[in-house]
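Across the two complexes that follow, chain A remains constant while its partner is chain B and subsequently chain C.
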Partner chain A sequence: MPAIYLEAAVVVLGIVLMLMEAFVDKADKSFIGKIGIVGLAVIFLGLFMVEGPKDSNAHWAIWSFYAVDPTALFYKGFALITTIIVLIMSLDYRGVIQHYMGADQEKPQAGLGEFLYLPLFTCAGLMWMASAKDIVSIFVSLELVTISFYILVAFLRRNVGSLEAGVKYLILGALSTGFLVYGLTWLFGLSGETGLAEIAAELGNEESPMNAHPQALLFALALVIVALGFKVAAVPFQIWVPDVYQGAPTPITAFLSVGSKAAGFVVGYRIIEPFITSDAAPQLVTLILAISGATILLGNLAAVPQTNFKRMLAYSSISHAGFLLLALGCARAAGDDVKVEGVMALYLSGYLAMTLITFHVMCLVRDQLGGEEITTYNGLSKRSPFLAGMLLIAMVSLAGVPFTAGFFGKFYVFLLAMQSRFYVIIAVAVIGVGAGFYYYLKVVKAMYWEEADDDRKVTVPPLAKGALIALAIIIFVLGVYPSPILNFFS
Partner chain B sequence: MSILDIIILLPLLGVLAIAFGAPARITALGVTGANLALGVIAWILFDPSKEGFQFVASRAVAKVPEISYAVGIDGLSLIMLLLSVIVSFCAIWMAPKVESREKLYFSSLLFISAGALGAFCSTDIFFFYAFHELALIPTFFMIGIWGSGEDRVNTAWKITIYLAVGSIILLAGLIAFQSQLSQGGMTFDLITLQQRAADGGIPAEAQGWIFLTLLIGFGILVSLFPFHSWAAPAYASAPAPTSMLHAGVLKKFGLYGLLRFTPMLPEGLETWRNLLLVLLIGNILFVGFVTLAQKHLDGLLGNSSVMHMGYVFLGIASWSASTGEPIGPTGAVLLMFGHGVSIALLFGLAGKLRESMGTLEMEKLGGLGKQIPIFSFLFGLAAFASAGLPGFANFSGEVLVFFGGFQGYQGEGFTNLQWATVLALWGVVISAVYMLRAYRNIFLGEQPDGFKATEDVVLMQRVPCTILVVSLLVIGFYPRLFSDLLTF
Partner chain C sequence: MVTLNHYLFVSGLLFTLGLTGVMLRRSLIIIFMSLEMMLSAANLSLVAFSRFNLVDGLPNYNGQAFVFFIITVAAAEVAVGLAIIVALFRARRTTNVDDITAMKY
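Moving on to the complex of A and B:
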């Protein structure tokens, strides 16, 4: 079956759920989320049966802007898993949603249905983005993702924080879209092509305007980097991140932090990689490295004084973007030994598992204890040893302790940087990792050393328990055996 | 499956068993006891006449670069392995009664033990590194939750951040090291890397900066002056079993690493030898004087442990590619063993003392010798061992280190190494002074007013103490048991 059917299936599922939501008023609306979870899981299985162009459909126009390669398949799966977990999280977060949507006697489930089907459309956009290999399809898929996020971020309409986040995300998202379109236009102008492969092929053409006007090329690429910098939260385009992460509903923060970042890196890699590995724009690597160093440093150091857990994770998410950018910057010298694509995929997979665990625990704690400060987690090991254990695994993995996925990700990034001889930035990364230990362990300290104010327990629904255990297993498996992901790309 | 796999896995299985409800203390004791037995079996089965690593086993984890979970021991790692199993078993046996969260307490100790064992048995430098980090978080827990002293929170942060940063610098050094030897495919396999390095792999200038990075990384982990300030307060406030394991075993990881890597980086050591000599004199003399000024027994032991690392560094610094059979490193290894065992016994006994007396301030103690004779006898043995009295393993180590400094000396002027050795000799005097003074203050003289009665070492607790003392004496009287295993 052609790969594009998967996105179609997700969109159809989304529309069906939307209609059901409108017509089934009385029933418990969490069934929408449950159907969504099952449906996405079935579509995930379909991922193993897809194929690219073949004789019977090779004439389809879609293949010129839609790639079916390991990258595309990997990140489609990535988007599906993320969305499934986000839906499970949303179910555990329903109390907060209903509270801020003004649920009352008449409308006891206000807003819940919409909150559960909208992520499906984001998911379709993310999946398409993984396959986009033409600047037009990149733009369109990116907009699908961004617009559904506009709604979701500002979803809690009676919560000032959520509204503020929505406005900030809207304005800066629109601004970055502007940068992206402008940059892509320049690329088109220089090459006369919209397909990324064709644009890259122009690099080999001595007479192409691209080679005749290196400044223009650099300008175009800089604009693209600015736009993608917004998406993946790289310094100095990270300003929106702490406020938006803090204000948005927690499942959506998780979605933004994992799905949106991964998609940004896929697209970034597809657009920029040919230019890094050629000589057309030698300043490009320096630019990426400078951004990456600043991102690692600012993300890690600014996370240190945070007292709000969600805000701290926003900075942590910034710092991880820095490490991923560093991997991207190494694309030139990496050679064939270690594939940059594989390293980024490994890093992002570990990041998915540990970040989603963290946000999931956060949803449960917010829903049952009602707070997002780190002090809320005081004595969590007594309230729920299971959740504390899970969060401990996520935190040590984020900090990069060996035998967890987080360590292997960082290890390969260090390896790439060492091969490329980027010694200065390695020193910066060392500082970043050191600071990281402090703020991640701050949460561990709260959970295990401090005493809780009261003896409320936190209960974990079975579905959430299953999801958390599965994610923890991913962390440990990737922590000792990263080969499956690395081999997938070679 | 090699015997080493079992030794590494047992503590981790113990943790699992404890998590699923097995009684914590018994399980931990059983697991470490089994490990002690296996360690001795490995020693018996080990064939000293063979070159290279024995009991090897390996499973590939990643192809590019080649990383595998690979185990194997040579003489050096065998001695470290024995040290780890002996101290682990005794540390768990000597653990005091745990009031709260007994499961977490013993799981943390088992993690530290597994980390040390894994690091010493790995022949893949990736896992060599990774296993050591396994002990980081448990140490943070131990000091933070069960530590003593008002400053324990800061202390826990300090040790954790210091060790995390040291480790990451070390990681950078290890990656740089293997990338210099990547002709023929990147690999983290120690045996292959040793082969390649012996074939003249690394250019001299690269050796210089890689050695420096490794020296800083390992140095932070071993509390090399001036990166030593985390160690003494951490050992003072950690619960006794943690101090025993950390000061006795885990800290030897950095020294073990330097002993492994220095022969592969001979030019690197040449370049930085003078710096290393200055720093190790800092350890011996500067920290030695700091130790003299301590008023609490735990602070004194912590600082003395930092100070004694200086001699081991001296043994490493005396290594040279040109001397045929360098005796300095051999002395360093004996000293590592002797120090590990004696400091473990000292920390274990100090823990008991704190438990029964409520304080370790030496002014407030006195005349305990009459009341608890066996305790004071054991403490005396350990303190004399630590100060380098002949008959104990520490003495044979220190003597060889000092001889190593003068190996090949022809009677002409002193080199820097020899000046450093002469200075370091004064450290022996300093150790004798503070150890004897501590002994006098605590066990001799008059008992101060308001003195509490206390119990002597009970019969059950004499077992681990005896094991530790006997190991010190055996190696002290017959160091060839170990020195014959070593080739540098």
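Moving on to the complex of A and C:
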């Protein structure tokens, strides 16, 4: 089965659910989410039987836009798993959605159906982004993701915070699109090609305008880095992140911080990597390392004084982007034993598990206790020992304690930086990790050592329990045995 | 004789104007308009690059095809974007960015 069928299946599933939402006369709309979860799980199984072009001269024109390699397959699976968990989260969050969508006696579930099928279109975009290897397909898939996120972020249209987050994301997202398009235009102008492989091949051509005008090339790459910096939340393009993360519905915040970031890094890796490993733009590595150092430092230090849990996680997400950028910057010196792609995939897999656990707990707490401040989590261990335990695992892993996925992610990034002899940036990163321990463990302290204001319990639905346990298992397995992911790319 | 440089200069001017508009103007509608101008700047330089990078005596049509994608995506972006701005106006009775300050720091 050609790999392209996977995206087609996700889009078809989304359209079918959209029609079912409109025409199936059922009072409880949560069936849409459940069908979506099952459908995506089936498509995930399809991932193991896909094939790429039979030979390099395949006639089907789509193959010049669409890569089928380990990176593409890995991040397609990544997008599917993220979307499945996001749908489970959305089901647990429905009380909040109905409240802000003006649900009444007549329409008790207004807006819920739309909230449950829209993530599928984002998922199709993320999967396409994992495969995009032509500037046209990169642009179109990135915009599919961004535009569907505009809708989802601003979804709670009677909640001022969500609308405001939506407008901020819209303006800054569109601005980054402008930068991206302009940068890609110049890449096209310099190379005369739209395929990334062909553009990289032009680097070897001495007479190509790309080598004759290094300033123009650097200009194009800087614009692309600005645009991707917006997508992955790197300093100084991180200004939108705290506000958007805080205002957006929690499942969508989780989706943004995992799905959008991972896809941004795949595209970034595909575009930037050939230029880092060649001599065409030597300033590029310095630029990426400077951004990465600033991102790690600002993300971690700004997270320390936060009192809103969601906002704190927004800064934490910024700091993780810094570590991933550091890995990208090491692409040149990386040996064959530890590949940059493998390290980024390992980091992102651990990040997926711990971030989704955190946001899932946050959805349940918001739905049942009605707050997102860290003080809401006071005494969570009494309200629900299970959720407190899960959040403890996620926080410890985010901080990077050994035997969790977060530790190995950071360990391999440091290893790459040591091999590349980037000692200054390692010192900066160590400060960042140290600050991280403080604010992550602040949440743990609230859960276990502070007293709750009342004795309300938090109940966990069985589906959520299953998802949380599965994610926790991922954290521990990657914490002791990371080699499957590292070897996946060699 | 109009050369590639002339086109690129105008396109750069459009891009800069758009960026300045986004940063300095305070009305969401004008900001959105400036954003569209930045995309038009890219379109102009794509067509210029395509016209002046001849392949076998013909323009490089890849660039011009890319322009169609940009126009289409920009239209989709405007549809969603204006809807969000209208929703914000109904909730807050303003489209001035200085008033959108529910979340800070």
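Methods note: the second predicted complex is superposed on the first by the 485 of 490 C-alpha atoms of A that agree within 3 Å, B and C clash if a C-alpha of one lies under 4 Å from a C-alpha of the other, contacts with A are read in each partner's own complex, and residues count from 1 in each chain.
The working rule: contacts are C-beta pairs under 8 Å (C-beta built on N, C-alpha and C of every residue); 3 or more make two chains touch, one makes a residue touch a chain.
Predicted, not measured: the structure shown is a model, and the values here were computed from it.
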item	value
Contacts of A:Phe414 with chain B and chain C, given as first, second, both or neither	first
Touching partner for A:Val433 - first (chain B), second (chain C), both, neither	first
Comparison of chain B and chain C by chain A residues contacted	C
Contacts of A:Val338 with chain B and chain C, given as first, second, both or neither	first
Touched partner set for A:Pro274, first chain B, second chain C, both or neither	neither
Touching partner for A:Ile151 - first (chain B), second (chain C), both, neither	second
Partner chain in contact with A:Pro251 - chain B first, chain C second, else both or neither	neither
Intersection of chain A interface sets (partners chain B, chain C)	none
In the complex, chain C residues that touch chain A	15, 18-19, 22, 28, 31-32, 35, 38-39, 41-42, 45-46, 49, 53, 55, 60, 62-63, 65-66, 69-70, 73, 76-77, 80-81, 84-85, 87-88, 91-92, 100, 102-103, 105
Complex contacts: residues of chain A adjacent to chain C	135-136, 139-140, 143, 147, 150-151, 154, 157-158, 160-161, 163-168, 170-171, 174-175, 177-179, 181-182, 184-186, 188-189, 192-194, 242-243, 246-247
Contact footprint of chain B on chain A as seen in their complex	337-338, 396, 399, 401-403, 407, 411, 414-415, 418-419, 426, 430, 433-434, 437-438, 441, 444-445, 448-449, 480-483, 486-487, 490
Chain A-facing residues of chain B, complex	61-65, 69, 104, 126, 129-131, 133-134, 136-137, 140-141, 144-145, 153, 157, 160-161, 164-165, 168-169, 171-172, 175-176, 179, 186
